[in-house]
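Each of the two complexes below includes chain A, the first together with chain B, the second together with chain C.
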Partner chain A sequence: MGGNARCIAMLQAFKEVIKDYSTPPEKTLARDLTAKVNSYVSFLIQCRPLSISMGNAIRFLKAHIAKLPLTMRESEAKASLCSDIDRFIDEKIVLADKVIVRHAVTKIRDGDVLLTYGSSSVVEMILLHALEHEKKFRVVVVDSRPNLEGQTLVRRLMEKGLSCTYTHINAVSYIMHEVTKVFLGAASVLSNGTVYSRVGTACVAMVAHAFRVPVLICCEAYKFHERVQLDSICSNELGDPDAISKVPGRMDVSDSDYRANKENLQFLNLIYDATPSDYVSMIITDYGMIPTTSVPVIVREYGREHLLI
Partner chain B sequence: MGMDFQVVVLAGGTSKKLLPLVSKEVPKALLPVANRPVLSYVLELLEQSNLKDLIVVVEGEYAALLVGGWISSTYVDRLHVEVAAVPEDVGTTGALRAIAHHLTANDILVVSGDLICDVPPGAVAAAHRRHDAVVTAMLCSAPISGPSESGSSSGKDKAKKPGRHNVIGLDPTKQFLLHIAAGAEVEKDIRIQKSILRAVGEMEIRADLMDAHFYAFKRSVLQEVLNQKETFQSLKQDVLPYLVRSQLRSELLLNGAQAEENGNEKDASQNNKIKLSQLLSNASTPSFHERYALGLKGSASVSRKTHKCCVYIASKSKYCARLNSIQAFSDINRDVTGDASHLSGYSFSAQNNIIHPSAVLGSKTTVGPQCMLGEGSQMGDKCSVKRSVIGRHCRIGSNVKVVNSVVMNHVTIGDGCSIQGSVICSNVQLQERVVLRDCQVGASFVVTSGSEYKGESLARKEKQ
Partner chain C sequence: MWYRSASFILDKQQEENDAEGKPESRLLSTASPSSSMADTLQNPNPQISAYYQTRAAHHGVVTTDWLAQAQAAVGRDPDDGVSEISIISTDSGKQLSVIDEFNNWRKQPDLAEAVAAIRALAWVIRSSEATTMMELEIELKKASDSLKSWDTTSISLTAGCDLFMRYVTRTSALEYEDFNSAKSRLLERAEKFGEISYKARKIIAMLSQDFIFDGCTILVHGFSRVVLEVLKTASQSRKLFRVLCTEGRPDRTGLRLSNELAKLDVPVKLLIDSAVAYSMDEVDMIFVGADGVVESGGIINMMGTYQIALVAKSMNKPVYVAAESYKFARLYPLDQKDMVPALRPIDFGVPIPSKVEVETSARDYTPPQYLTLLFTDLGVLTPSVVSDELIQLYL
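So, the complex of A and B:
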């Protein structure tokens, strides 16, 4: 489930919340709505830990709720919040994606072999846009168990007529020698330039670096975060352990013996990993194409921007 | 819930399977279970889920009047109910056709009025919306037929094996309904669509699940099926299997709105909306319907129309039963006072039974656990009540034994009677020393003193 899609779906759900909301008597809209939003956020966290993009969006929403003047009527306040959410989605996600695509397409030349990992919404848009601009290139999609997200990407690329190669991550060092550029998506980019993305991205980036292939990370600026993370273990999300213990179609491997022997065996299904900044050549954002050292600058200078509107 | 759902409760009429319990005065919907009409269970469940706009469909004008009268007196401010009368024997589909013009919401919940369960309708509705399904059916574990001591009216199957209600085919994720067979088809061979099996890869066939007659339909689809398929009589036996069979070669006119979206796109905001919806739809794993619709090569030129039929499987801890036979009536009464007592809405006393404060018990009279004694009832001396439900204003003499039975309101039972595994309807008079075993006594019947009946159904001839 992609970071952008989760964030948009959550914001649309919050728009419904605001539309259905009515202030109870003796309470101010700002405080009561913030309290309600907090309770809904804890419910969402119970279902699945928030992604960094979702966390930033919630901070934006709460800041806008807090800034509502007390004298504003409820209907106006609700309409204003809904239009703020719409603007956030349009500017920070949809428009940002368009800008990223336009920048990235300039980097694609005829004869390129592009590699991507998993299924990133931005990278897919870049590839399809480049195809529309009549660029001659082919794509290698690297995929990994257990989610096999690359398969849906390959299906959609094939629909449009792009020539694709599909492989799993265990063969990435073999395929890398034919690749000219690597495009990767990100769940977030942290202040020290570390790219926090789907597990396997770090592996692909490291192999690309070893083969001297440029690695371009495509990430919208609203996903940047001020925290610093040095490795993948200190803060991550755990997926379903059964997903990696079972292999569909292989009854011998999916044996329940493994699961019975609980003391010695632990299934670790990490969702994200951290790619150190040394392996990243460039980050393409809606603020332009920046090196990894410029990320804290953007967080600092433009982090408060949406709050000043 | 306010989620734009409309609820239709199919309360039936005077079901032939439940004679002599039902009569002109007591339609099926008003049969008492634990001294509450069975329809009240459905209405309470809907009220708790904040579904307050209901249409109750009753077969027969007079029955509709009775049901309507009861509803308006009990639920006057709590629910907004419209009672619609349809002619008898039109079947569930016919009943829906009659009220089809009243349906306005996007989705319709269709519930059978004889359903007693504690599954929240919100869960079924959520499953329906999540997949944008055309129909979602609730399935529950099939009940095992009751112990042989309570007997059965037909006397034919005394075997204790669970009855086969439905044959259900599910996909590996247990979210989609691939095959459903009901009624007489259950005993015949199972015929499965090859295209569905090929598209999904793996199908699980279950015989232990039962269709609970709790459906969520997309309104446009329901109206289309009702209009086009004139011969369909029953939801369970015609409409549902038709929708399930045709899910990969859909003949329905779904999503007329989509055609409008593909119109003039020069508007920037429209563009954004399309990008948004594409982003959201690309993110989720496609179901086997979407993969089938795209075809093998992934080319959209071979687009086939599909629709989704979802299921919601109630967890085993939930209670779910339908009042569709006399055996079920006794079983449900027993369950609601026993295992599923949270459904009855009453609070049980320390001895695990419910005795109304105005009830009078004679000396040395015992009322065992899991029993109910209604308002104003009087029992004589040395009586014994075990695992039974006794209604309001009954006059029970001395030395009476009531075991495993249901006694409705205003019943007079003479001294020395013994009632076992039976159902006694309202206004019945049992004279002295009557012995009843596994019987059903219809309303206002008089059983002469000293008679002994076993496994019989006693009723007065209906005055025309």
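So, the complex of A and C:
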């Protein structure tokens, strides 16, 4: 489940909430709805910690609820909020993806060997769009356990007739010498240019940098965050430890021997990691191709003009 | 940004040049070799980048006498020019006269191409017969496109035209009810932009004086008029420094530059291009100009700049770039081949067998990590500020 998909699903769910909502007597819509949204958000956090894109979307929603004039009728307010949510999804996600694809396709030349990691919705759109534009290239998809997300990407690319190579992350330094460009998606980009993305991305970016292969991050601007993170541990999400301990098809490894020695062994299944800005050549956003030093500029400019909100 | 800079009074020279018309350009075309090529709307030799042809033609005979002659020939009776322009009323006629206006400005070897284009576009606004803002914008866009297509390899020309369009139309004046006041506001901004671009060199020269200290050794690559202005101002302020010039094959830029510097009584030493690393120990700083400054903060400049920057970085010498702000382009090359190629034939002095390929590219891309500071008319900037300025303008 990628960042965009989770964000859109959450916003659609909030749209339903707003449609079904009715203001209790003696309460204002703005305050009561905000309180309800907060309670739903805590419920969502209990199920799974929020991604940064979801966090930004919730900030946007709460800001719009707070901006509602008190004199507005309930039905009008609800309709306005629903249309705001639709506009957010359209402008900041759907259209933004189209703009990113348009910019990124200009960087793909005939004869390129493109590498991507895991399954990013934007990168998939870029590759399919470049294929439609009759560019001659091939793709290397790098994948890793335990989620093996790259397999779905490879399946979809092959259906459209793209020639793919599929490899595991252990082999990335082996395959990197024939790669010309690396396209990666991101869960978020932080203010110091650090790219916060699926675990394993930092590894791929580092190897690409060592082989002097340009690394292009494709990320919509609504995912930018003013936080600064220096390493991957201080703020991350933990996945299911059993997913690492059990290897499907390898009964000898998956047996209960490891489980017996519980006090000395901990399974750490991190979901995200932080790629330092030195490994990134450029970030392609819906506001153009920018260097990593310009992320705080966009956060600042758009925060000021309330475009992110 | 630009609106923070002072708005200067227009030069008398600009007023003289305002009244240029077609007959004058034909008169001059018989006199100077550069305009015979410039009068055609297409690049006659597509193998060679038009941008470099122009520079070669301009600098073929660089003496102050020739410049004075050209300037004297340029001033003429204003009345003829105005009537000439009013006769041309068709669309294609307008486009033709944009190119002609552009060529008239370009005849001065001291004037940068982009500044000539900006002045020509300001002229389009001034002489436009449009009655609505939409019409005026469309006219401007057409003029800008025809200027850009005149030479597609020149980055500063494209960047200058794009920035002009953004600067001029980025005003709330466009929402005024009264078309004439909106148009005059646009014209005001256009002329201010032209004036700022024209004065940019002097501003850059003043800003860089602090970085040139007595007894320093400066390495210069390529013939940049901005860098020449910097060195001229430094020598006029009685600073003691010496300059190492690279030879700059195949354009022979080093020979031309050393010629100019010798006239200023600045001690000059010529190096062949391969002797840069050899001499880098005694160098204190490197000064280069730029054909274009790209969004990453890197520069596109004459072939050899990347090499020198690499050597400088490994020996911890600062690399300073002197570039006007209209050269900021929305390009982002990932590697050396990611740009529009600009080819220039190289004369080796002996015939080369046909089986042997020659690398004829005239320029290369220097990534931002090898540059220390950019001297622009917006101030002394680090390379990462280029994207900041472009984002603010294109927001």
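Criterion: the second predicted complex is superposed on the first by the 303 of 309 C-alpha atoms of A that agree within 3 Å, B and C clash if a C-alpha of one lies under 4 Å from a C-alpha of the other, contacts with A are read in each partner's own complex, and residues count from 1 in each chain.
Keep in mind that, in the parts below, a residue touches a chain if its C-beta (ideal position, glycine included) is under 8 Å from a C-beta of that chain, and two chains touch if they have at least 3 such contacts.
As the structure is a computational prediction, the values presented were derived from the model and not from experiment.
Participant: Which partner does A:M158 reach: the first (chain B), the second (chain C), both, or neither?
Facilitator: first
Participant: Is A:A5 in contact with chain B, with chain C, with both, or with neither (first, second, both, neither)?
Facilitator: first
Participant: A:P214 in the overlay: touching chain B, chain C, both, or neither? Say first, second, both or neither.
Facilitator: second
Participant: Going by the contact rule set out at the top, does A:V297 touch chain B (first), chain C (second), both, or neither?
Facilitator: second
Participant: Name the contact category of A:M289: first (chain B only), second (chain C only), both, or neither.
Facilitator: second
Participant: Report for A:S281: first if it touches chain B alone, second if chain C alone, otherwise both or neither.
Facilitator: A:S281 sits against chain C, while chain B stays out of touch.
Participant: Output check: A:N236 vs chain B and chain C. Expected answer is one of first, second, both, neither. What do you get?
Facilitator: Touch status of A:N236: no partner.
Participant: Which positions of chain A touch chain C when the two form their complex?
Facilitator: Going by the criterion above, the answer is residues 107, 181, 214, 216, 281-282, 287-291, 293-294, 297-298, 301, 305.
Participant: Within their complex, state which residues of chain B touch chain A.
Facilitator: Within the complex, chain B contacts chain A at residues 2, 272, 275-276, 279-280, 282-286, 294, 297-300.
Participant: Quick check on the complex: what are the chain A residues that touch chain B?
Facilitator: Residues 1-2, 4-6, 8-9, 20, 89-90, 93-94, 97, 119, 121, 124, 152, 155-156, 158-159 of chain A touch chain B in their complex.
Participant: In the complex of these two chains, what residues of chain C are touching chain A?
Facilitator: Where chain C meets chain A, its residues are 295-297, 330, 332, 334-335, 338, 368, 384, 387-388, 391-392, 394-395.
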